[in-house]
Structures are given as structure tokens and as C-alpha cells.
């Protein structure tokens, strides 16, 4: 088939944006989540509340931030609070409906490693660390995960559980002391997966032009597919145009500085 | 009462080898100039504390100032790794560095507890995280009313905290606004506090009676360092130099390139030269 | 998202017999109009929570709305006793009232813990105080790092909190400034929150990006009640009516005089009549 | 002797103001403490930092507040913080050098009752309660006490310890877990007392025109006097004029509302 008129990264961002409802309160990370959240705001969820861990609440950036604490986030926010208040009054208190997480390693149960590859005391790769993730994973009503689909990222078992997903299956999350739902959806550049009864990510829709085999080869565990597997709806013109305009504005703004 | 003094003097007086030191700033108002003055003064064996160690801690670690890092996220925001931090952790260059690793929630609560004069902070966190396994400073407290088990971490009490703020008045009262991170907490948690500011004004003129203002008697030294937060930004004064953050990735990947960059941009630039406090925007390759 | 509704409707929807209710305001921005609407609606068996129960709680207690009071200082600020509260405690009139008594530090920490979703608050307090003896909700927690014993109190989690603020925008976002007490904490600690405001504006125009702003989605109802904090004050709108506070002493000392004052100033004045929300300044003997 | 040209209340306020140093950070209560602190600020301690529990820091009111949270306190403050922050970051953290307390009952050890007269469960008089006092008593470096001198106020033993002074003598305060000095000085309308080695208030100076006998009769415990008892210096013209101007401004301002 001919190449689609969009990139895999665009498809991932658009698929992620569709996961967001107009009344969501989102804890937004940098990168794909930030693009997806702001795309949703510019499309079907104009009143969605975007919260960044730097303390900005109800932010409406015209361009995407490069860092979690860009001035744009603050100047377009309803209000900006201290970081302790953000983590205590807003995240811990259970006011966030959806949190976005990514990571260097993600396993089938949505456990995420952003700490270290190799032994903790003698790491092969020292990653940036947990940041807000451990408590985003446990305090948000629901967690959405995004990742570029590759075997080294979607691994059979994370080497270090920075942020708890579903442990090793049903009951583990509750046993660890969590009362929230945890990861429900994994959005990649190949497909959308959702958590099934075994608390495992299974593929529910393939992006246009992606085959089952490509997904199997790019996944570090023996990935399963739902019986009623569907095709992810292609990006609409409006979705693509809005996303590209946002990214063009962003590039112009950051290059100017 | 804070003394209004040159940055060199403030660092000489309040930063010593072996100190526990917090240079705070959550992306915004990062005290770069102060960190570079510490490098120039050759401090050693520092315990560096910060939620988000970024380029300035990468520089301090790369120059061998630190023996320990207490942190929750150590990356180049929006870019990638801190290569000097990684080199120290992965290869012990220029010296090994001990890590005490937390989550943001833990660090934010620990700074808050420090500011409040409490010995520890309790919060709902580290649920199912392996960080509990590798950090002995993560404990448990039980609610005496509900029986719920909560995570607990020790309060952060730096010997000295350093922040950058928009302005101070002539008495040394300080105002900061915008993304204020944990800077107020860092200052109030510390034994000594240094604030570098963009300018001294006659009247602080807080935009709101509830603005973030630090009284002069809660601070030891105020230093006028225009551009002292570059390449990070000062809300209302200058923007973030995103290009400098991106450029740091290549500079910091290589030990020799890093050292020659430091030599040119930090050691050849005394803190008393205002232009020297903004080396990144002058000199970075683009 | 908060609904912008008349005060009667907000009270009908969110205040029920038996509720745990906090009407907060630390001298400033006390929600008098809302409290008087609760009296008019005849609510009973309320647990009233407030650091500084003052005239509006004196009125609610005197009218028999409350079966319990959780508080830390119950007086007429700058004047003396709350006579209706004293009559309820000392003589059970019009009905007995149970007291859960704390210090300000305990209540402030308990509201903070409620806002943070924690089950309890730990603080350094009640040292050598007999309040520990009479309040079983004062416990001890031990720091897992230092062994220090700290006081602990349960988080305050009202069914509904009510505050008064300067203004809201058309989406129901609320701004308050000046002496802000524990109002933000009270709202965030509660299951439901009502905010009465002086006015609705097109643009909230916070004076500072860090001003005290409550997002509409953290509130249930916003009610426009100009003068709704009188005889207390609204910074930037009107001053405290000190004369009314002094006059209350004589009015409240006598049961009959109290009842007839309530009849004239509260029951004959519907909340929808804006003038009725400022009875004290219209009618108090001077 | 002829009546002095000032009232006993004025003498008390002036004597209290003299206890304050230019570099003090004071936690101020309403009434006599507020007058004393602001008088000190207008006289010998222009840079004294006045903190009110309502959250105002570095306040410089032109007129005395009637309540702890008057708008005047906020509009003349360096900054105004929330009440939780006031009690956590400023009082509990040990940033206050001197706290002022008063009470319905005060005993020789500086223990204070502002809770109840009679049994707690069946009080003869229900007092307003502790408010900020229990932690002011334990967290300020030093506590100053003011009271109108009368046997029902300065009692042999308080019926309820709302705020700990020195317990029943040396060592009690430390045993209760306090690391601060506690009450050091009691300023009344008759005299100034200071705490001796037995942790008991003893009279160190008598106000002009006051006799030992008057003090003995007005004190609910067998009061002692220091061997080098002195006379409290009479108010200076400047002290009296400044205090009276302040009070006149205050009366005019409050009557106008």
C-alpha cells in the first residue's frame, strides 16, 4: 500500500488525544503527552483542564513547551501554585482524572522503568529517574501510557519498577496499597492497547497500514490481540491540520529564542 | 536581615566544602550564576540537593564539586540525559557520586517539612515502587486514626539554599513570581539562604498582597546578578534559552569538550562581570 | 464545574441535616449571608467546623442548628465572649452542643491534611497542654528517623465547605486575596464547596500569577451575594463593621433579644434581597 | 501622693513595649500586646517585625486593629500568607523570637488558662479557648505575658493548662518536650515580674505609685519580690504622646466605620 499522508508519530499523538474527554483533568508530561493533551484541547475538549507538575493549573499554551516549566505554561494558566501544593493538594488529593506516563521500559502490566538499566548500584544506563511518575501512577484516577513501539521499550519485564502498573497481574496493585485503576491504555506509533481482565496490555486497534506481524516483532512480550481487533480510524484532516499548525507554531517560537 | 553583597562574597561566606547545598528552581529561575561561582571557588564534597538537577548541577558534578546527590529527576528538560551526571554515576568520572533518589512528591514534601521545622514528611506515595528498595530514607508511618500506612521521608535541611528571584528591595526583601517551584521551602528549610536577583528596586510593589515574598530576616545574602538564571528564564525579565539547553547535550557528552567549555565560559568569566553571567547566550554553538 | 446559582438553591442542594459543615473565614471574608440562609432553611444537627467561630456561628448555634462544634477559638474578636455559644455549652440552650476543641495550629494542619487528601496531620504542638486530656482526637506519631514524638490530629473533611470571596468569572473560577486564612484548604478538603462572591466579572484578572485562585472544577456552586461577608469585610470592597461586632455583645447576651433580632434581621430578610444580606449595617443599634 | 499623669493601662503597655528589641520578630495578639508592639515600633524598634496569626508578616498598621485580621494589618504588611503557612513555616519552624500571651488565669509558673473555669465538661465559664496560644507558648524563643493584676487572674494554680509555662517548676517544661525558654516576663498594670531560678514569677519592678502591699493583695499566690526591687521608670513624654496619638487615631478610625 502507499504510505499514508501522516507520520507514525502524528498518528500516535492523534490516537492519544482521542483518549481524552472534555471534562478530564490531565496531569501532562512533556513530549507526546503534551502534544496529545493540547491537541484534544484544540479539538474536541476545549474545556479540558491541563495541569503540569511545575504548578500550572488550567494552562492553555499557544505553543508546546520544551520543558515542564516554560513561561508559556504559566502565563496562560488560570493559576500557578507551588510544587509542594501541586503534589499535595492536587495530585495526592485525587483531583486528577488522567495522568500520562512514558518510560524507557514498559512491560505488559504497565509497570514502568525510568530509573536505571542494569543493576541499580552499577547501572549500564543511568536514566533521569522517577520525577513525578511514581505518584502520578498511584494518584490519578487512570493512567495513559505512550511509547514508541520497540522491543527494547516494550519489554517482557521492567528491570526496575519506578512506577507501579498492575504488578504481575490481578490483585497486585490493590495489594500494594493502591486504590486507583492504574494504566488502562497504551498508545504507540503502531497501535492502541488496552488492559484486559488479566491486567495485561492487549492490542485493540492497529493504526492504518500496520500489520499484526509488525506489532509482534516490535513487542518484547508475546503480545495478544483482542478478538474484535479493529483499525484505528485514520487521522481526520482537522486533526492533522490542527496538530501540524501547533507544531509549526512551536518550532517557530523555539527557534526564535 | 540579609546583606546585599557581591555574589563572590556570599558564596565565600555561606558555601563550604562538605556542605549540604540546595540550588533550587523548577525549570524557572535556576541560579546558574551562583552555581558557576561555586565551581570557580573550587568547592568539594558537596551534597547537592535538588528535585530537578539540570545543567548547572551537571556542570558542578562534572567539575567534581559533589560527592552526593539527593534528587528526583536528573535530566536535561525536553532534551535528554545529563551526561556529566551519567558519567559520574556510570564511570565515577571525575569522581564517584552517591545517589539518594526520591520521587518529586517525596522531595516536595521533604522541603515542605524542612520549611515547617518538622523532622519528617508523611505522604501517600512510592506505592509499589522499587525506589523503596534502594533508598533506606524511605520509611513508613501509620495514621493513628485510620491505620493507613503512608510513606515517610526525612525533612530536607540544607546548610545553605540558593535561589534566583526577580527582585529585592533595599532592605533585602525578595519577590519571586511565576513558576515558584519549591524555592520558598528551600530557603526556609535551610540554615543559610542566598538569593540572587535581577535587580534591586526601591519598592518591591508586590502585584498581590499574597505574592510570594521572602522577608529579609529570613535570608542571609542578596546578590544582584542580572541574567543570573540564564539559560533558564526569569518570568517578566527574559525567556528560556531553549537553544542553549539543546546545545548542552553535545557539549556535555564529551569530557574534553566539556572541560574546555567550562574553561572558556566559567573560569574565564568572573562573577562580577555582569556579561559573564550569561555565557550561554553569548557563546553557544548554534 | 461550579454552577452559578442563587444562594438559596446552593444551600438547599449542598447543606443537609447532620452534615459536617465548615464556613471558614479568618476575620476576613466570613460567609455571613450563607450562614443566615442555613438558619432560614432550618438545618439541624450540623457539626460546625471552624478555627474561629464568631458571630455567624453564634447565630447558628443560638438558633439550634448545631449539635457539635469543632473549633480552636470561639470569641467575638476584640470584644469578648460569644454568648450564644456560651449559653449552649454552659446551659444547653437551645440545645446542648458537643465540643471538639483544638489549637489553631492543629486546626490549620488538619485543614491542610484534608486538602492534601491525607488521613492525619503531624505537627509539633499541644506541648504540656490539657487539651490533650479532653480531646481524644489528639494522638501522637513518632518520627521514623529521629524518634521525636509529634502531635497528630485527624484531617478535617467537611461534607460541605462555604467561603466568601471577592469575585468569580463566568466559568465559576474564584479569586480571593488579602487575609486568606484556611479558605483554600477548607474548600479543597470538602466533598462539596459553595463560594459566595461580591461580583461576577468577565475576566478574573488575578493581580499575580500566583494569586489565590480556585478553579471552577474544584467548586460546586458560586453565588453572587454582594456584601455577603458583612459585618466582616472584603478586602478591596468594604471595611469591617466594628460597631456591629461591638453591638452584638449586648444583642447576644439575652435570649429574647437575640431571638427578636434574628426574627427581624434574618427571617424577615430573604437571601435573594441583596440589601437583606447586609442587615447589620442597616439596622444595628449604635 | 498625687495621681500620676498616666493610667495604669498606659503604664502596662509602655512597660511591655520596653521588653522588645529592634531585631525582634514578634507574634502579636490583640489588645495590650498589639498596642505594646506597635508602640515599640514607633519608638525604639522601628524595624521590629510584627507577625499576626492571621497571616500578615511585617505589618505596620497606622491604627491598632480591633481584630487579629483587620484589613489594616494586611494592607500594611510586607506579605500575607495562609494560616496553615503561618503556623507551619513561621511559628512552628522557630522563626519567632517573642510571643505575647494573656489569659483568664495565669499562675506563678506562667501556665495559662484560656479554656474554661470549672470542670471542662460542666464549665462555670466557657472561655474562648486556646487559639494560637498552645503553640505560641512552645514555639517562640521566649514568651511575654501581660495581664491586668487581680487575684482572679493571677491565680495560685490554673484550673486548666491551655498553654504550658513552666509546669510546676524547674525541668517540667523540658520533660513535656519543649526546647524553648518559655515565659520570661509578666507585665501587669502594677509591676513587672520575671521568672527566677525556681521558674516562678517574682516582682522585679513596681510601677510608679504602686506599693508592695497592693501587689500582694492583687496576686493569687504568695508573691515574692527580688531583693533589688526597683521602680519601673515612669513613662517618658515621648512614650505617652506616641501611645496616646496611636490610640486616638485608632478610636477615630474605628468610630468612623
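Chains here go by letter, A, B, C and D, matching the order in which they are written, and residues are numbered from 1 within each.
Heads up, the rule we're going with is that a contact is a pair of C-beta atoms (placed from the backbone, for glycine too) under 8 Å apart; a residue touches a chain by one contact, two chains touch by 3 or more.
Treat the numbers as computed from the prediction; the structure is a model and nothing was measured.
What are the mutual neighbours of chain C and chain D in this structure?
Correct list: B.
Please tell me whether A-C or A-B has the greater number of C-beta pairs in contact.
A-B
Averaging only over C-alpha atoms, locate the centres of chain B and chain C and give their separation in whole Å.
For chain B versus chain C, the centre distance works out to 40 Å.
In angstrom, rounded to a whole number, how far apart do the mean CA points of chain A and chain B lie?
Chain centres of chain A and chain B, defined by C-alpha means, are spaced 28 Å apart.
For chain A and chain D, let me know how many angstrom lie between their CA-based centres, rounded off.
58
Mind pulling the chain C residues that touch 2 or more other chains?
Only 116-118, 123-124, 178, 180, 185, 206, 209-212, 235 qualify.
Hunt down the residues of chain D that sit against at least two other chains at once, touch-wise.
Residues 74-75, 80, 88, 92 of chain D each touch two or more of the other chains.
Taking touching chains as linked, do they make an open path (line), a single closed cycle (ring), a hub with spokes (star), an all-linked set (complete), or other?
Basically it's none of the tidy shapes, so other.
With touch defined as at the top, which chains are paired up in contact here?
All touching pairs, sorted by chain label, are A-B, A-C, B-C, B-D, C-D.
In their complex, what parts of chain C are in touch with chain A?
On the chain C side, the touching residues are 1, 115-118, 173, 185, 188, 204, 206, 209-213, 215, 217-218.
Can you list the chain C residues touching chain D in their complex?
26-28, 51-52, 71-75, 77-79, 81-82, 85-86, 89-90, 101-105, 108-109, 111-112, 123-131, 134, 149, 178-182, 184-185, 212, 233, 235, 239-243, 245
Which stretch or stretches of chain C touch chain B in the complex?
Residues of chain C touching chain B: 116-120, 122-124, 137, 139-141, 143-146, 148, 150, 152, 154, 177-178, 180, 206-212, 235.
Quick one: which bits of chain D touch chain B in the complex? Just the residue numbers, please.
Per the stated touch rule, the residues are 23, 25, 47, 49, 57-58, 74-75, 77-81, 88-89, 92-95.
Quick check: in the complex, which residue numbers of chain D touch chain C?
For this pair, the touching residues of chain D are 30-31, 53-56, 65-71, 73-75, 80, 82-84, 86-88, 91-92, 115, 120, 123-135, 137-139, 160-164, 167, 172-173, 176-178, 254-255, 257.
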